[in-house]
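Next up, some structures in structure tokens.
Common to both upcoming complexes is chain A, partnered first by chain B, then by chain C.
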Partner chain A sequence: MRIAMPHMGNLYIPFKALFQRLDIDFVVPPLNNQRTLSLGVRYSPEGMCIPFKLTLGNLIEAAELGADTLIMPGGSGICRLGYYARIQEQILHDLGYNVEMVQVGVSQRKLVGILALVKRLSNNAPWLKIISAFRFGLSKLNALDRVEQAVQKMRPVEQTGGAANQLYGQAVAAIDQADDDAALRKAEAEYIGRLHRLDKKASVRPLVVGVIGEFYVVLEPFSNLDVEVELGKLGVEVRRTTFISGWTRFSLFLNPLGVNEKDRLHKAARPYLKRDVGGEGWESVGEKVLHAGHYDGLIHLAPFTCMPEIVAQNIMSRTREDIPVLTILCDEQITKTGMLTRLEAFVDLLGRRRRAKQLVGAGCE
Partner chain B sequence: MVKIGIPRALLYYQYYPMWKSFFENLGAEVVVSPPTTQAALASGSSRVVADTCLPVKAFLGHVLALADECDYIFIPAIRSMKPKIYTCSKFLGLPDMTRAVIPGCPPILDIDIDMSKSKRKLYQAIYRLGRHFTWGPFKVRRAAVAAWQAYLDYRRMMSSQRLTSVEAIDRLSGPPAIVPVRRAGSHAVERQPEQPPPRMTIAVIGHPYIFYDELISHRIKQRLEQAGCRVLTPQMLTGDELEAATARLVGRAYWTYEEEVVGAGEHYLTGGVDGVIGLMTFGCGPDSLMMDVLKRRAAAAAAPFMSLTVEEHTSDAGIITRLEAFIDMIMIRRRARRAPQTCA
Partner chain C sequence: MEAYLGIDVGSVTTKLAVLDKGSEVIAHLYMRTQGNPVATVQRGLEQVRAELPAGVEICGVATTGSARYLAGVIVGADLVKNEITCHAVGALSYVPEVQTIIEIGGQDSKIIIIKDGVVTDFGMNTVCAAGTGSFLDHQAERLNMGIEDFSRRALESRTPVRIAGRCTVFAESDMIHKQQMGHRIEDILYGLCQALVRNYLNNVGLGKEVRPPVAFQGGVAFNRAIVKAFQEELHTEIVIPPRHEVMGAIGAALLVRDEVSISGRASGFKGFGISGIKYHTSSFECKACPNVCEIAQLSHEKKVLARWGGRCDLWERNQGN
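So, the complex of A and B:
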């Protein structure tokens, strides 16, 4: 049995750690690239969203590498995502790959479901071993996200362009290679330290932009054409609330105990949107309301034809809370130049807006 | 009398008799917007972002047409009709979205229907809706029971007499009161004199709000009938038939309105009709997947299947050409099948 799963950001690293510790044969398909996208686009229904197309591309590339058991998220009540696995399995079978799709519930029975699945895939390894491996995977995930947060802070203020990104790449590789807790802690501490010690530009207060929107396109840099890196190059600090480690912390452990990190967002969204519309629609509206006061702008990322985000986009443009929002629809047609032009214009606008505010503030005194 | 506006769009075709019965039993008057016009669609489109789906744009056009004509507008937020089978985000967000994009809209009566939750929650939701008209819980209860009965009658009428939604609505309640003006003969289905027996039977699969909306569907039903085809719709099947066919093809349904697409498609693809047309609008999330399921099923069964995607820019001529080609294809196929038999 060879196991594989589609990519979403660095998610393959914690899973690799988990499966390696359990001696499960886990293949990592090539990171998202043009071929992945072309394969996905060629075999997907045309009206599908980019997450479907890219994950299908990953699954095809994994099947080419001999994977026969493919893990896909599933569940009910979560936009089209719950239907992905059914269709993708059919597409793969029609292409002649003899694969089995395994669905992981991401809407209900999360922690228990994932652990039970790992137990099954590992040929009934002892629970102690599974839990220890699972915990190690989670530590890698948390370390990756903490490093990424440090990188987000450094990108706009670094003296030499690209230094933070370079370190980020090395850090990801080091975390991937760490094979015990001590090595992992050492790698994380080393790179976070090195990131903080980078030469900074003198006294800049970068513009702050929140990146919000649909989970997959926010977390998968290939699908959003590295929007965060590009914003960093323009001297903008990116903040985002969506992290995979945040999802695991709350969805797997704290939500069953009644703690919900999203309550704050839902409460903020309620005057405009009273109910969950699936996906991240509700949260997107909430983030706009909540961050209107202290961010300079928001980048709203959504896959083209994403149902929840269309609802959110329609409502977001009418809220009283006033903050510039640039919605970027991600699909296979999006080009880097087109996106850069829009980002530059948006950042110019934000800069002017901040200067105008400062002038008004100064004039009053 | 309190006037309740019901937009003639989206779930109207599924539930209008039920809603009408409920509100009238509570002493309200129900008004329905006129059939979709180009102007209404354009006014709806102008309010939302471009990639919102066509039926929702049309819906907003209907709300705008009703805005000055009624005291309340009824827009339910239907989350699920069966446990753990949910609707598309746009149905869920419909009341909130309407409120956001049409600020001058009359107060919206919204009711959350979620059959995944307890029955008690449903009754509470119905009572909360009824309380806009009366304080008496029994009166609300009576209205709700009558409404449910009206819905069952409506469904039975369609499946037993093979009627379309529009025909059934007309028979049950007479053509609905339309505001503000009614174009003569535009809506009522004209009963034509006895026609020759149909050349072929074609099932058109798709959501009722696409199929029955003459502007969105480009009058596909009438066009097929003019070409001598008998047209069958998903509403002409019983709930059991739909459920069985869905289970056969995909197992448990994932979307609330999956049965009327996947179930009906599977039912008709396995026999009884000469061809199946899948009708969807561009940008429909659930349909993008469900039509793909049907396409694959049709390919496997070697059954004539055509998928039509309509949007604002679709032209009559384009639709006609494709329908003609489809009918020709079926005729050619039929001749080809008959030919070897005569030779033998």
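So, the complex of A and C:
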């Protein structure tokens, strides 16, 4: 049995650590690239969203590497994603791949289900071993997120363009290679230290932009054309509520002190939206309300044809909280030139807005 | 005399404007890009030089439009700016109290919302080019009339026909269908104008509040029938600023003037003489990873001046090697 799963950012690293510790044959398909996308687009129904197309591409590339058991999120109550595993399984069978699709619930309290699945895949390994492997995977996940937060801070203020990104790439590789807790801690500390020691531009107070929207396109840089890196180049600091590790905080058993971030967002959204509309629609509205006073602007990422985010987009344009929002619809037609023009104009707008506010503030004194 | 040059290289047309220190336009030019931005910019510089009075010194150059980076390298731009900011700055210099800017060019259209002289929101057409200049050109050509006759005939319409404007392909087949049914050409043309205005407000405007004064600029603002359709749909007066077709270039020139006056730096302008230089553009596929990006490069006498087009900045970092 050879296991694989689709990509979403660096998610493969913690899963690789987990499966390796349990001696499960886990294969990582090539990171998202043009071929992945072309395969996905070719074999997907036209109206599907970019997460469907890219993950299908990953699964095909995994099957080409001999994977026969594919893990895909699924289950009811989210959005169309609930059906993706079944449709993709059908497509893979039609293409002649003899694979078994394993659906994993992605809703907030399903971590126990993942544990049970791992138990089965590991040929009934002892629980103690499973828990220890799980903890190691989670440590990698958390280390990755902390390094990413450090690089988000450094991109806009670094003296030499691209230096922070280069270090980040090395850090991800080092975390991937770490094979015990000590090595992992060392890699994280080393790279966070090196990131913070990069030469900084003298006295800049960068614009702060929050990246919000649908989970997959926010977390998979290939699908959003590296929007965070591009914002960094324009001198903008990116903040993000959505991190993969946020997912795991819901489990009381693994993280007893975890707070439910989502509850906070839902509460904030309540004056405008009182219920789940699928995907991250409810959270997007909440993020706008919560961040209006603190950030200069928001980039709202949504897959083209994503119903929950379209609902959120239309509600967001009418809230009392005043903060500029730029919605970017991600699909295979999006071009970098088009996106950069919008980003540049948006950053100009935010800069002028901040200056105008400062002038008004100075006038009152 | 100190002067500032703005160059707007769009997909269909290229615009140049030279402004003096007091924002007065000394010379301007509107020409077709014809798929060759490098040669067009060179030709444009040549023509503008001929129009300029003696003793004009270019103290700053800015480029904008979809080929702004390419044009920026060729002329040695002091500032490379996106077209949304440039259009807003240009419009504000002619209509200081403007609150909404409608800009429709060759292949894209924008809406810019302004409050107290600051851009607060903007929108651009995303997946559809219905209603832009190229489509109108194409329809005029299909009906065997000049684009000038298009608007004159459309204004003669008394009972406009309803045309589906959601998509250029459907709009065209709908127009043909109405022609075959025997509707008057004037009514079809004005019906098309109305459909394009509706499409613009739905797709580009996307629920944004259009507050007066409204400025309409870009090449399509020449079309009086479209202007009339906007006026009827928005129930408000539409201002068409003088030289609206080169407004992006004017905005770019204004921005570089302010930039130079703050920084005090000497301009990197390579001079009008560059029209004689032979530039070479080419492209290749990068094989460094499976993305196989198409990298475009601009070179002069085997020396690479600039590269673009990768997903990562591998080639941008290696510029000049």
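General remarks:
The criterion applied here is as follows: the second predicted complex is superposed on the first by the 354 of 365 C-alpha atoms of A that agree within 3 Å, B and C clash if a C-alpha of one lies under 4 Å from a C-alpha of the other, contacts with A are read in each partner's own complex, and residues count from 1 in each chain.
One rule holds for everything that comes next: contacts are C-beta pairs under 8 Å (C-beta built on N, C-alpha and C of every residue); 3 or more make two chains touch, one makes a residue touch a chain.
Computed from a predicted model, the values in this text were never measured in an experiment.
Look at chain A after the overlay: chain B and chain C fit there side by side.
The vertex angle at chain A, taken between the C-alpha centres of chain B and chain C once both structures are aligned on chain A, is 80 degrees to the nearest 10. Once the two complexes are laid over each other on the shared chain, residue contacts for A:N314 go to chain B and to chain C alike. Within the superposed three-chain model, A:G278 lies in touch with chain B and out of touch with chain C [touch as defined at top].
Put simply, more of the residues of chain A are touched by B, taking chain B and chain C as the two choices.
Once the two complexes are overlaid on the shared chain, A:T305 sits against chain B while remaining clear of chain C. By the touch criterion defined above, A:Q90 lies against chain B but remains apart from chain C after alignment on the C-alpha atoms of chain A.
When the shared chain is aligned, chain C comes close enough to touch A:Q34, but chain B does not. Touch criterion met: A:L329 reaches chain B and chain C at once.
Contacts of A:R80 after superposition: chain B is touched, whereas chain C is not reached.
Judged by the touch definition given at the top, the superposed model places A:T337 against chain C, while chain B stays out of reach. Minimum C-alpha separation, chain B to chain C, in the superposed model: 5 Å.
In the superposition on chain A, the residues of chain A touched by chain B in one structure and by chain C in the other are 304, 314, 317, 329.
Within the complex, the chain B residues that touch chain A are 48-49, 51-53, 77, 79-80, 84-86, 88-90, 92-93, 95-97, 100-101, 103, 112, 116, 250, 254-255, 282-289, 291-293, 296, 309.
Across the complex, chain A is touched by residues 66, 81-85, 116, 118-122, 124, 126-127, 206-208, 289-293, 309, 311, 313, 317 of chain C. Note for the complex: chain A touches chain B at residues 45-49, 76-77, 79-80, 82-83, 86-87, 90, 94, 272-279, 281, 304-308, 310-311, 313-315, 317-319, 327, 329.
For chain A in complex with chain C, the touching residues are 30, 33-36, 161-162, 225-226, 304, 314, 317, 324, 329, 333, 336-338, 340-342, 344-346, 348-349, 352-353, 356.
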